[in-house]
Every structure is written in structure tokens, then in C-alpha cells.
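Chain lettering (A, B, C, D and E) follows the sequence in which the chains are written, and residue indices restart at 1 in each chain.
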Amino acid sequence: MLKLVRAIISRDLRLAMRRRADIVSALFFFIIVVSLFPLGVGPEPELLRKLAPGVLWVAALLATMLSLPRLFADDHRDGTLEQLALAPQPLGLIVLGKVLAHWLVSGLPLALLAPVLGLQFDLSTDALWVLTCSLLIGTPALSGIGAIGAALTLGVRGGGVLLSLLVLPLYIPVLIFGAGAVDATVTGLGAQAHLSLLGALTLAGVFFAPWPTAAALRIALE
Amino acid sequence: MLEVSNLECVRGERRLFAGVGFRLDAGEMLYLQGANGSGKTSLLRMLCSLSPAQEGEIRWRGESIGKLGEDYRRELCHLGHHNAIKEELTPLENLRTSARLADEALDEGTALDALEQLGLAGREDLPCRYLSQGQKRRVALARLVNERRALWVLDEPYVALDSSAIERVAGLIGAHLQRGGLAVLTTHQAVAVAAGKVRELVLAPDGQA
Amino acid sequence: MSNKLINWFRFASPQAFYPLAGRMIPWFWALAAVFGIAGLYVGFLVAPTDAQQGEGYRIIFLHVPASWMSMFIYLVMAFWAGLGLAFNFRLSGMMATALAPTGALFTFLSLWTGALWGKPMWGTWWVWDARLTSELILLFLYVGFIALQSAIDDPRRADKAGAILALVGVVNIPIIYFSVKWWNTLHQGSSVSLTKSPSMAMTMLLGMLLCALACWMYAIAVALMRVRTIMLERERHTEWVREELGMKAKEQ
Amino acid sequence: MLKLVRAIISRDLRLAMRRRADIVSALFFFIIVVSLFPLGVGPEPELLRKLAPGVLWVAALLATMLSLPRLFADDHRDGTLEQLALAPQPLGLIVLGKVLAHWLVSGLPLALLAPVLGLQFDLSTDALWVLTCSLLIGTPALSGIGAIGAALTLGVRGGGVLLSLLVLPLYIPVLIFGAGAVDATVTGLGAQAHLSLLGALTLAGVFFAPWPTAAALRIALE
Amino acid sequence: MLEVSNLECVRGERRLFAGVGFRLDAGEMLYLQGANGSGKTSLLRMLCSLSPAQEGEIRWRGESIGKLGEDYRRELCHLGHHNAIKEELTPLENLRTSARLADEALDEGTALDALEQLGLAGREDLPCRYLSQGQKRRVALARLVNERRALWVLDEPYVALDSSAIERVAGLIGAHLQRGGLAVLTTHQAVAVAAGKVRELVLAPDGQA
């Protein structure tokens, strides 16, 4: 079981390394979106500091979301997904591996980059810490939930945008607790409560999501 | 080993086939024929439990494949219209990864040997997106060299291959049958498979139902 | 005249350019060092402290040359890229590829030093005014150029695709340069007349020019080194590269 | 010439109609992003009114950007693009047709929907008008500029995110003038100057962009 | 009409072929042969000016195709490995749109007739994504029925077709040659084309350069 999950993760990581542009560009997308918002909003620094948690979290969420359509689409198109569905092990495990790999490639780098961007918004050290923690804890949930959406929209024409439509509402709780944790720190309240709720979401997302995802994939293959 | 009875396939409002049945034992091959669109691919996908059968039953070693689930998939090797290879990976990597995902070990020497048998020597380390149409198909087929699962379901394996490659693949299927394996094959290019008993099944031209 | 032309085209081939570049690199390094030391000397020891800005203004000796170079290198890069697109010279694509990282570096420096300077001057690291924004776009153009080229693994295709991007991005350069004139921005327009006494303007101008020359020489040296590496990589299967590498191996 | 452009537009519109989910979902994406930001930022109405132009414009920009990868990718994958490149007419004209069709499907609906969303932000009637105008004038530029990026990243692995990286910086001026026009109206200044700059950008974008795009497509096909 | 001289193709570090030359006149067909990966597709793409020739020249009616540009493309019909049909559109729509983009008028009756000739009667209004592999290829090939441009460049047109469809396509090519057209064809399934003079060109197995 664990061997299979490891095999999937290592395969997906290898593919991601071959398309390194993907990871790097997701990060740059993150950076650009974060810098874009102030541009549209105006240069007042007080306002910007208030915006920071929301903007950073929304940008992380969008960056994750952009990479979702390809989570299964490539495998679907070239027939690999069929092979995976025919593998002797439960498809849910395979999905779990893919979700973890997706997080390693998309969520983790975002979380590590976030504090650097947060600096530009003049956030305190505490707030930066909480920002990183909240992203580290929260982004796996994004990958997990996203997988369900990606599977449901697989092979559906116009899936990419339909996917955002399905997934964004489900991302809202993650966004609220994530940005809430940072906000709470900025305003001097504790982030504890928000972070543990976020953790609960992630556990649920990562370990529950693969099963509906697997079911949706089987339907997509019919 | 593989028994199919009274299978029916409906697509949209069109009944592609009905009442299809056959029986395949160890060392036998089913050569599935029929015009374009007669439902061969649809039948094979049912055999692989990728799509459900509206009517009829498919049994493997006496048990319905729906019930067997993973146990059936453990004995099944499917090759579809698509190659199931990753364009970014090299042929060698593709072969080894697909073995790993099927829970089989495949060391580098064996894999290289398999690729060479399919005439891909010298291309082991070129990402697959550079390969020609036929070479990609060869990479997909290289899996068969070390494949020891009992039932092979091959959907037009010969497409895009040149004649020497076709012969080699036919040889692989022959060897598989001789080892006591089963195979179900569709192709529009009739090619003799050396060993084993070949049953033929012709899907009636469509539009009759 | 035709003789000269032929000579030129001779160096358009990597094989001929490689040794020439190798011979020139030390000279450019040396010039960069000389100009750099002279520039820093003038900038930090000769030029007087500014009445309003204190010592902080000395960042100008890095900021202005870096800003100039960021734009100039882009123009050169676009020129080479366009040449490659039009005439299919192998060398020009390599030159463009080799210049991009240096250009990105100078753009980054310009942004960074500008931001550092902006904090004491304007009270903020960053404002979204036209010059600053367009300079930021320039950085993204460089990064996009590099990312695009590295995402395409056939070098000829990478060259051509990069060339199109570079040429499209050229519109940004006049925007950076003239933005202070076209829009009413925070960033000052003319620099050299910003101090009052003419003698100080002269020393400042001198320092700035020396630093700019140093940056220029540095940019050329680094670009030549990079282009030599790119040549070896791209032509690794040709006779002359094998010879070149073989000779190196023997020498060591 | 005009016949060809019309033929392309009608073909692309028909395809879009078949995948209606695409258009609808792009609109929903727009709606969701616009509603998401207040959520991340907090409920202060004063702040929200200030945010409105920026948020609406950024959301429109992201919605457009999300649909860009498929501008040529579908045609590329199934071989249609090759056929188009072999058509006797200049490829630039064909691209022009595709850009216009893309705008009709992505930009136009957004512009028409924007005032409704702007209402939620408590914008004045004037500001709503200018918002709609600025989107109507500005979004064609997004399609035009986006086409260049889409063509350059065509067939490049990890193209989707690389595309954002290439295109977003070029979108910045459109964003500045677009959001600026609304901002200027909100603060009581005239929007005239911003709108005419936006118009210039659009003219340049739509009629200049197809040619580098066509060149990039030919390179992608090599 | 079509003259090719001294053509060379290099992919990566591999020289696929060099010194290829031939001449094709009205009513003649070139049957391009070679093993998988020998460079047939690459050669055809050069003929269509889709990819540049590293070395050598291609002339059409005496002029280099690079210079002719649109005038050459106006006389060229290319069919590649991919079908160039839209999965969302029906066969009928696909056929008519592709004609419109090639600047030709094709009324509904003629289009229906072409589809029927390719055995797609009854499938005109089914979106192409539901069609079988072979039926999709047939839709792509239906273009040839009313195609009157002089030079046809066909890359493995027979792939995935059943034997009756292959015969029909061969018939279309034969009729084209009889009208004085030219054709360049690759296929691994040798099929006799009735009329016209057939020249053969075999690309040597690679790895020799």
C-alpha cells in the first residue's frame, strides 16, 4: 500500500521535475497576483497591510486552482488513467498519492515563499510565522478538495472553468480560517483556534477526498 | 477461464450488439472482428470492467468480474487505442514506471532488453514526445515483453507499426499463448499469430438492430 | 569594403567567434575593474555629501547605471533576437539568450536600489507610478523570456519564440524612459541638474558615467562568458567543439 | 478577407455554444472571485467601496486569462491548427478572427455582468457606467495580448502557468487604466483620459497582436 | 510539377535522411516507405512547408515553395496523423467548416453525399466524440471526396480504417490521380491504388548517417 503511494508520488514528482517551468511559473503567478492587487487598489500602505492576509491567501488559492485541471487531464488524455484504474490496488490510494504529490509541487513552495512576499506588505514577524503555518496546514486541503473537482470535471468540455466553479465555494472555509488566522495575529488575538480548525479541514480533505475522487474518475472513464 | 454470455451494448439510442457470447480457455486467443464502429472497443472496455455491461455477464474463472474486482484486475493487462505513455519521460522511464504502478519489479537491464526487442535501441533516453507515431506505439507495446498476467486485452495493437514491428508483436502474443495465457485482440490488419488456438468473433455490421 | 563585410560574417559563426570571445573576456573584466574602482572612488570619496539627502544619495551611483543598463541590455537583446529571427544566424539567438540573465540582474538592482532609496526619499519602498511599474514589467519580461526559453527544449524553437516575446516587449522601453515626461510621477526626470552647484554636478556625472562604463564592461564580459558556454552546449556534437574540449583536456 | 474572419468567428462561436458550460463558468468564476475578496478582506463597507474598481478589474482579468490556454490548445491537439496554418489566407487574419471570437465569448459577457456586481459594492451610477465602458473598451486588449502569450506557450509543457507569467505583466497597463478610470470617477475626476488610453491599448492590442501571434504559432507547429 | 532535391532532415543530433530527391508530375503518386521513425512524417511536413528544410530545396511548378507561400498553400491539401476534426461538432458540421476555412463552398447536399461515400450515413448528426476511432478517421477523410486541389499529402490515411473503408479511400486517390492530380502518401499497409503512375521512395533505416 505505502509502496504504491510512494511509487505514485515519485512518478509525479519526476514528471513535475521534467516540466519544471510549471512549478516555477506557479510561484511567479503567485508573486504577480500578490503584487497585482495593490496595483488595482491603490498605494495606501495602511490599506495594504489590512489587505495582506486576504490577498496572500486568495493568491495561494488561485495558484493552486490553476494547476488543478492538469491533475488528471494529462493522464486521462494519454490513456494512463485507464491503466491506473485497472491497477490491482484501490484507485483511492493512487489518488491519495497524486494529491500528496500535487501538494508537494504546488502548496509547499507557496507556503515557503509566502513570508518573503508578506515582508513587502510590512507584516510583523509573528504574522509572517502564522501566515506560513496557516499555508502549510491549509494547502493540503486545497489539493484534496481540488482533486474531487478535477475528477468530476474530467473530460467535460470547458472543464477548466467549471472546475473553478465547483471548487472555489469549497475553498471558502479554508480561506476564511487561513486568512482569519493571520488576521487574528495582526489584530493581536490568538491564531490557535483558526489553525486547529484548518488542521481538521486538511485531515478531512486529504484522507476523505480520495475516495469520492476515485469514484468520480471511474465514472469519467466509462 | 473467461466466459462471456449474452452481452449487449447500447450507445445512445443505437444497439451496437446483443447476444454476444464466447468462452476462452488457457492458451486461446479471441480475434475480434468487425467494421469501424461495430462496437469492438466498446466490447473490450466491458471485458476490462471499464464500462458496465447493460445486459449479460462476464465471468472469470467462474466468477463475475464485477464481484472479483481487484482480483480480476490483478490478472488483466489492457492496451487501448491510447498509448498510455508520458511524453516527458523517456521510453525506459515509461516502461519502468508503468511496471511499478502495476506492482511489478522491472530492473533496468530487463527493461532495456524489452525496448531493444521492440526496435527502440538508441532511443531509450529520448523523451517520448520526440518519437514518431510508430515508435510511441512500440514503447507502449514493450510492456508486453515481460508481462506475465493471464489475460491480455489488446485494442488494435498494430496501428501505426511497420511490418517488422507487427511481426515482433505477433510473436510476443504467440509466446504468451504458449505459456498458457489468454488474449483478446482486435485489428483491421489480419496477422497470423503463430501458436495457440484462435477463435474468431465477428460483430455484425451495425445498423441492424 | 566587401572584405570587411566578409570578415564580419566570419565572426557570425560560433566557431570563429568562440576563440575571439575568449581572447576579449579578460580585457573586459580588467576594464570593468578599472572603471568600477574609479567610479566608486569618485562616487564615495570625491563627491561631496548632498545638502538635502545626506550620504544616502550615493546610491545613485549604482541606481542610475543599473537602470540604464537594464533598458539598454533589453534593446540589445531584442536586436539580436530580431536579427536571429530574420536571418537565422545561429550566433544571434545565443547572444540574446546570454544577455537575458544579466539584463534581469540589472533590472532587479535598479528596482532594489530604487526601493532602498525611495524609503528615505518618499517615505515608502514602493509606489505604483508609471516609471516604477514599467520597470517592474521589464523585470517580468526578462523573467518571462528566460522561463519561456528554458521551457522549450529545442534551442532553435526556443530562440525564435523568445525573439517574438523580446520584440513585442520592446514597446515597454520607451514607456520606461519617457514615463516621467508623459505622466506626472514621483520619480524625478532629470538627474544631473538635481544638485545646485555645477562643480558637484560634474563630479556626480563623472562618477555616474564611470560606474555606467564599469557596468557596461561587466555586462559584456559576463555575456561573452555565457555565450561561450551556450556555444559549447549547443554545438557539442560538432567537430570544433570536440576539438576544443579535447585540447582543454590535454592541457590539464 | 472579411469572409474568412467571419467564418472563423462563426466557427468559434458555434464551438463555444456547444461547450456552453465554458462561458457560464467563466462568468461564475468572475462572480465568485469578486465575492471572495470582501470575504478575505473583511466586511467594512468603506473599504469595500475603495476596493471595488480594483477587485472587479482584476477578477475580469483573471477570468479572461483562465480561458486563454484553450485559445489555441484544442486546435493544436486535434490537428486543426495545422490545417489553419496551411490555409491559403494569411494566418494573422485567422488569428484576428479567433481573438474577436474570444472577446465575444469571454470579455463581452463580463463587461455586461460587471455593473450588476458593482451594485453590491455600493458604487454610484456614474461609476457603474464607467466600469462597464472601461471593461467594454479594455477587454479586447486582454484577448489580443493574451493571444500572443497563448501562442508562445503552445505545446510547451507547463504552458498554462507560463502563460500567466508572460501575459500578466503585459496586462498591467490595461489594469491600471481600467481600474484608474473607475477610480477617477469615484473620486470625482474625469475618466476621459484613462478611457482614451484604454482605447488606444485595445486598438494596438487587437490589430497588432495577431501578427506576432501568427509567427509564434508557426514556430509552435515546426 | 513537384521537384525535391537533396533534402536533408536532422532531428536532435540524428540525421534522419539526406540527399533525398524526387520529381512528381501530374497524375503521379509518390508512395513513401520506411520503417517507424525513418522520417516519413518529417519529410511530409517539409513538403507542406510546416517545418523548414535544413538543406535542399522543394520546388512547385519550378518555384521554391518558401517564396510561393500562399500560392502554394492554395494548391495543397494535407492530412496528418491527427484528424483535425472537432469532437463537439457533428461530421456534417466538421466537413462544412473545414471547407469554409479553406475558402471553398460546400453545400449541405454535397457534404452529406461525401459522408455517405465514406460510410457515415446515419452518423451525420452525432457529435464526433461519440464516434469510434475508425469513424473519426473517416470523417477526416471525407474531405477528400470534393477536394480538387492539385497536391494531396496524406500521412497514413489508412490508420484505424477497416478494409472496406481503405478501398474506398484508395478509390478516391485513384480518381484524383486520373484527374491529373498529384499525391504523396505514406502507409504501412500496402494498398494498390488503381489509376496513375506510382513512384516509390524508400527512406533508408535510420542510424546510418
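The rule is short, and it goes like this: a contact is a pair of C-beta atoms (placed from the backbone, for glycine too) under 8 Å apart; a residue touches a chain by one contact, two chains touch by 3 or more.
As the structure is a computational prediction, the values presented were derived from the model and not from experiment.
Student: Counting one step per pair of touching chains, how far is chain E from chain C at the shortest?
Tutor: The least step count works out to 2.
Student: Of the other chains, whose C-alpha centre is the longest way from the centre of chain E?
Tutor: For chain E, the chain whose C-alpha mean is farthest off is C.
Student: Farthest from chain D in C-alpha centre terms, which chain would that be?
Tutor: B
Student: More contacting C-beta pairs: C-D or A-B?
Tutor: A-B
Student: Take the average of all CA coordinates in chain B, do the same for chain E, and state the distance between these two points in whole angstrom.
Tutor: 29
Student: Using mean C-alpha positions as chain centres, tell me how far chain A is from chain C in Å, no decimals.
Tutor: 37
Student: If you average the CA atoms of chain A and of chain E, how far apart do the two points sit, in angstrom?
Tutor: 45
Student: Can you tell me which residues of chain E touch two or more of the remaining chains?
Tutor: 81, 88
Student: Would you give the residues of chain C that are in contact with at least 2 other chains, written as numbers and ranges?
Tutor: In chain C, 128, 133, 136, 140, 143, 147, 151 touch at least two other chains.
Student: Where does chain D touch two or more other chains at once, residue-wise?
Tutor: 18-19, 156-158, 162, 165, 168-169, 172, 176, 222
Student: What residues on chain E touch chain B, complex-wise?
Tutor: 11-12, 34-37, 40-41, 81, 119, 122-123, 126, 130-135, 137-138, 156, 159-166, 188-189, 207
Student: Provide the residue numbers of chain A that touch chain C in the complex, in ascending order.
Tutor: Going by the criterion above, the answer is residues 19-21, 24-25, 28, 32, 35, 38-39, 42-43, 45, 120.
Student: Quick check: in the complex, which residue numbers of chain C touch chain D?
Tutor: 85, 128, 133, 136-137, 140-141, 143-144, 147-148, 151-152, 157, 160-161, 164-165, 167-168
Student: Can you check the complex and tell me which residues of chain A touch chain B?
Tutor: Touch residues, chain A against chain B: 3-4, 7-8, 11, 14-15, 18-19, 74, 77-80, 82-90, 94, 221-222.
Student: Any idea which chain C residues touch chain A in the complex?
Tutor: 124-128, 133, 136, 140, 143, 147, 150-151
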